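Structures are listed in the sections that come next.
There are two complexes below, and they share chain A, which is joined by chain B in the first and by chain C in the second.
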Partner chain A sequence: MTTGDPLALWRSNPFFVLEIATDATPTDVERAGQRLLALLAVGSANVQTYPTPLGPATRDAEQVRQALAALRDPEQRVLHELWASVAPTGGPATDHNNTGVCAGPCAGPWEEAEHALGWSALWAR
Partner chain B sequence: MGAIAGVVIVIVIVRMLSGSIKVPPIALAFGVKLGIYVFAITLVQVTTTDAEVATGVLHMVAFVLIWAPIPLLRWVVVPLRMPRTAYWTTRISWPLGLTKEIQASAVVYGALALARRSHPSEEAISWLERKLRNSEPIHGAGVVAAGLLAALRKDIDRARGLFATADRMHARLIPRSMRVIARDWLVVDAARVGNWQRVVRLGRHGMITLRWSYSMARIGERLTGNPKAWHKWQLWPCFLWAPRRRVTYPPFRRALRVPVRRSVQPDPAPSATDFPLALGSLARALERANAHDGELLAQSIQAVDRNLDSVQEMIEQRLDILGSRRDAGAVLAQFRQRLIDLVTPLIEDDPYLARGAQPGSIMEQAVWQVRRRLLGDIEARCKDYRDRTTGETSLDQIAEWETWAWLTNSANRLLELDSASESVLFQIVYAPVCNFAVYQHNGRKRIALAHDMFIWLLAYAQGVPEARQLLAKNIQAGIAGI
Partner chain C sequence: MTTRPLYVGIDLGTTNSTVAVFDAEEITLIRNSLGSVLTPSVVRIDARGNVTVGARARRFLDTDPANTRSEFKRLMGTTHQLEFPASGTLRRPEELSAEVLKSLRQDVADQLGVAPERAVVSVPALFELHQTAAASNAAMRAGFERVELIQEPVASAIAAGWTQGGSNGPWLVYDLGGGTFDVSLLETREGLLRVVGHDGDNFLGGRDLDRALMDLAIARLAADGIVIDRANPQHARALRQLRLAAEEAKIELTRASEAPIFIAGLDVDGQVVDVDLIVTRRDYEAAIGPLIDRSLAICTRLLAANGLGDGALERVVLVGGPTVTPLLRERVRAVLGADFGEGLDPMTLVAQGAALFAGTVALDGRPAAKAPPSTGPRVWLQFPAMTSDLTPFVVGKLLEQANTIKQIKITRSDGEWQSDPTPCEADGTFAVMVRLLPRQNTSFEVQGLDSSGQAVTLQPASFSITHGITLGDPPLSRSVGVALADNRVQVYFNRGSPLPIRRTFVLHTVETVHPGTEGHVLKVPIVQGEFAWAHLCRLVGTLEIPSTELSAPLPVGSEVELMLELDRGGQLRAQARIADIDRIFDQVALLMTPQVSLETLADALHKLRTRAADLSRAAFLDRSGKTAARLSAAVPRLDEAEQNIKAARGGDLDAGEQARRILSDFDALLAEIEAEQAWPELGRKIEESFAMAVSWVAGYGNDAERSTLNETYQACKRAFVARDADEVERQRAVIERLGLAAYFRHPGAWEWEFERCAARVGESTDVRRASELVAKGREAVRQRDREAIEQIVRELWVLSPVDHDEQKLGHGSGLRKR
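Then we have the complex of A and B:
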């Protein structure tokens, strides 16, 4: 019963991890994977994060290897192509009905909620 | 005359000590406090000097210490961030409303003082835990104390379960001031992740209305666009009447910015007509800000499901190009399963999200997965109760309250998910829980725990008259012992 990030798994889609298009050839896939593994091995900070249509995420060598393995299986690859075809969510998820009602950010989390009880230690962080 | 009165008082005290006259703890505390107060005032007057101010101050100190220890604890002792001082002040000042569980109540104030520190020390938490384990008896205040200690250890699930148990307890088992602590914690826990629907349910649908949680629920109604939300002129007095106005002002201001919609048009389904857009809408619905909007989530999942047929041809082509012999159906089945896996943890976390599930939809399949898991959990806990009743084994009081909190938590989530499960749930829990409660009542003299179990069971024994009769009788038997 813990509220995690529901999009974390989606962000780790192999196409996002390898930063390649869904129509990339197997050679392009391997090349992208090996390049990332080499950069991660030398500790390059630039490749530790990657952009996705669902917001930025972080990766490590293990994730890159898993992504390569997943894309070598045709059936898995097509499945990941479907998930990777998501249109960018773009901007805050507000006013989904165009009604002028700020149901998104207004109804969002209350960051300072713990302080209402006088708690100094933020209990879930 | 004075000698006769003295003899009568001595006889009464002797009989009280021998147990032949049973005095309620609150009456005893009142009597002792009155005696100390009269003695203290007499002492002040006897030793008074010319300084009237000093005498007045001494009168005031005696009055506050003896008659108003709760405000003293909340406003002075707890903010000092000294858990041991808070613990002993509570024990010594013996607040009238907390006389039944003075040790556990002292742990509550100690834990509240500790929570004010930026880094609560492990040693202080352990000290309070030891005090709680030595407390006798454990009722609502003990459950709240255990919840606070779990929260201090960042065991949030455990804390949530214990506070939820304390919040739904009968007024006989928990003082109002302790219920306030439990409910306010739950409200903050929901509001900090933006689950305003839960804030509304906590503040407005409980048996007992409490000022701050009620005010937060009204704020939550405005934030979620509830058609029953109050107008500005109604919301302002509610906000001003509730405590913690300064810290509550930011969400209150946010709520005022949301216009009230009396006639609610049903939210149109996401208008994504192609697959990538439908996926984008789903991603937005899953994002934290909207993750508690069940209607939007259900509609987004349906939109993705509807659009899946349009990509079947594309999947077949891709499989062909990649040299696979599998058909598109297998990929689509895997895709739907992943969709279910994506939404299942969200429903587990907040069953209320599932209210928008349509029969036969992917959302409903996720609901059934969660339902099956919850029923499995309840059955396992009932088996444990059955075994322990047969073996006449019991955990310590706090652990026993914790296991009870886990069971009721699973059961309440199951009912929130599927209210039609009530009779199935009752059939599973009735015999093992009732027998275990009888064992706790008769064998272990844990009257409050057994009483809470009987009350909880009675609430779901609608269609079983014999069970209702038996549970009502057991509840009556427990009242005298609480």
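Then we have the complex of A and C:
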């Protein structure tokens, strides 16, 4: 994550990268990571992007592993939970009952996302 | 050939080596031809060139020491060549390690009928990159076609986690081997084993306990008028005999309250004496106490670094022969306040863990079977060979001839479970969640279903997964970066980063390299360590771009896209891409630690003593009790280095290495203390940077920048109060960047900067090019072309001079950041 880019807090938030909810158990986290790593290894086109409050972002195996490492560390996880939880409403649709996988295709930026995050106000100066 | 997988794990130890195999359910320790699971890491080469390994070789340590070598692991990654005079040969430490590995591989073949082609070999967690590379080379020389390395404490942790099942919470692996000490902090949660951090000392081990006992004996003999001098090569044989006797007494003292050191006919300067000493456990414990304390200080440092206080540990796992020492167990229990993991064999745990790890990464040692005749569409399956998850995913992709397959069905071999038919995606991929049987290896059959629902056999038609533990990515033990020409370090991977890891930075050359100039090389030094200055970090490899491989000049300021990659076992790969000449360079010379003459070491020791004395004096004058205490606690290590230099003069190569390491660590400690003494100066620097930034941001910054500047200044002050030098420098850099960003918005800023560069044109790395730019710049100034001035200034920056003294300290680096 680049500390100089505040947007990165959302764009590369491990919960978004792994497409899981912030209350995912450690087993859910591992399972989601293992599934994504395997799909990326076989070259699945469907998992190369993931939804974020700022629109689809691309991911690779390196990012998935970094996300897994971040969520395995309880201290780091708390921080990422915080950032993910203050994301604007209408966040990534996840099917929490099953695999933690994004239910729909990656859409464009969520409506009003930038406004809700305060970016337009910040960067319009 | 065995029908079950053959996962091979090898603990290549300093004193003994062990091999274990795992068949996805059971771990078996392999016995050597003498029936032991421990093979001494000893190699003998006789006059006919015959190589003997293990206990048979060990017998000759006393009678034919010149042709029998032990403890070469401590010299791995150095340029030392060990001589075998009877056969007239020289062997490097990694070649001798290869002989031990070859012997262990043969033991597997003898016991199981299969010579493994792939294996996992353990290395100490604090092995540096060149030592790791030496271990890997040794395995390849031993006949393995593929080898994965695992850090020893991680291996111990896997074995302990496998054996002891589902405990949750933090625990510590205390691994005191023959020559190295590793301590790792781990955590298990829901079957996930995670290495939180590790620490250690590459030059502390059972051998040092032997040495302490030997010193005790030498002192007793001296009192009787028999003087044995470590520095005297004539005494080498007597010292060896004494050491073997001390080793036996050490083992005896783990059970008895006293033990004899008996040597019949010890020859010292022509005087033959019978040594008959009794050492009490109390004397022995007094001698080894400081060594145990040294190891415990490392443990508490690791716990403190991870915010763990007293009583936080759930248990401690002891690994390594020396951990049977009663005093050690007592002190470890008292200081760490946790129970020991029971039922774990400290001597073979690492090998068992390495074998289990081979299972988690599916590194089957059996020679690859010939592909069976194709009977169906091929499918590429991805699944964890071992996992703590009872319902993991199996992911796959249908390959050629697979377009008739519409769905996938997976059936457990016991027939008790099968998946629903799962549709394949348009690109042939699928993901199916399977259900494992707890704590065992579960086999599955995979089938395709065509559009009519007819089953189609796939290749492969089956696979298996073991339910056990999931291993989190191991963390990097020391930061890795690239030394720059200004002696700073561009950090690539911070300590604790999960492995494997890869990063790329764009750097710039500081000088022009002309093609074909003999001996002219652009150096990219790769360093390991936690210091901001390259000369304090260890040089572990160099990527070289030789002028002989260039077809056109590589001008100063050329962009070098430099990628570093570390695999899970800590093996390094580096690649430099130079877009201007469309070339990629990837030959990293992994350095051997160069041999340093004993005179150089003695000189360094003298200088460090003087520097330490000056710093102590300054600390007393400043009434800085903490610094004075730190120094006085560290100074005995210089005495230790002095003893080691003496022993090295007597022919003990390992002692020389140990002295080098102590002096280098001491140098770093003094640098740290010097930086602390310059603390008030750092405070002044912060104020200067802030004052400068405020004046520019107030006039030319925006509200966001003003608020960020204020927050950064507060953060910088907080770090200053907390005496966190790295954080202070990080925040100060942000303050300076904010100030500079605002400064360059001033209409005259680029012109001022141009004049500053123009005034120093004679010092540029390419004066001709810089002069041309200055001439162009003058024209742009006349025409008030601000964009052109900015562009020219940026180009002049690239040509700014290099301080050659700094560059020399920076291991001769040819790169810098823009």
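Basically, the second predicted complex is superposed on the first by the 79 of 125 C-alpha atoms of A that agree within 3 Å, B and C clash if a C-alpha of one lies under 4 Å from a C-alpha of the other, contacts with A are read in each partner's own complex, and residues count from 1 in each chain.
In this text, a contact is a pair of C-beta atoms (placed from the backbone, for glycine too) under 8 Å apart; a residue touches a chain by one contact, two chains touch by 3 or more.
Bear in mind that the values here come from a model prediction, so they are computed numbers and not experimental data.
Q: Which partner, once the models are overlaid, touches more of chain A's residues, chain C or chain B?
A: B
Q: In the overlaid three-chain picture, which partner chain does A:Arg31 touch, first (chain B) or second (chain C), both, or neither?
A: Touch partner of A:Arg31: chain C, not chain B.
Q: Counting only touches as set out at the top, which of chain B and chain C does A:Ala41 meet: first, second, both, neither?
A: Once the two structures are laid over each other on A, A:Ala41 reaches chain C alone.
Q: Which residues of chain A are in contact with chain B in one complex and with chain C in the other?
A: On chain A, the overlap between the chain B and chain C contacts is residues 99.
Q: Of all residues in chain A, which touch chain B in the complex?
A: 1-7, 9-10, 53-54, 74-75, 77-79, 81-83, 85-90, 92-94, 96-97, 99-121, 123-124
Q: Would you pull the chain B residues touching chain A in the complex into a rising list?
A: 78-79, 112, 115-120, 151-152, 154, 156-157, 159-160, 184-185, 188-189, 191-194, 196, 223-225, 244, 247-248, 250-251, 254-255, 257-259, 261, 267-268, 270, 275-277, 279-280, 282-293, 296, 311, 315, 318-319, 322-324, 326, 330-331, 334-335, 338, 342, 345-346, 348-350
Q: Taking the complex as given, what residues does chain C use to touch chain A?
A: Touch residues, chain C against chain A: 189-192, 194, 196, 380, 382-384, 387-389, 391-397, 425, 427, 429, 431, 433, 470, 472-473, 498, 500-502, 702-704.
Q: In their complex, what parts of chain A are in touch with chain C?
A: Chain A residues touching chain C: 25-27, 30-31, 34-35, 37-39, 41-46, 62, 65-66, 68-69, 72-73, 99, 122, 125.
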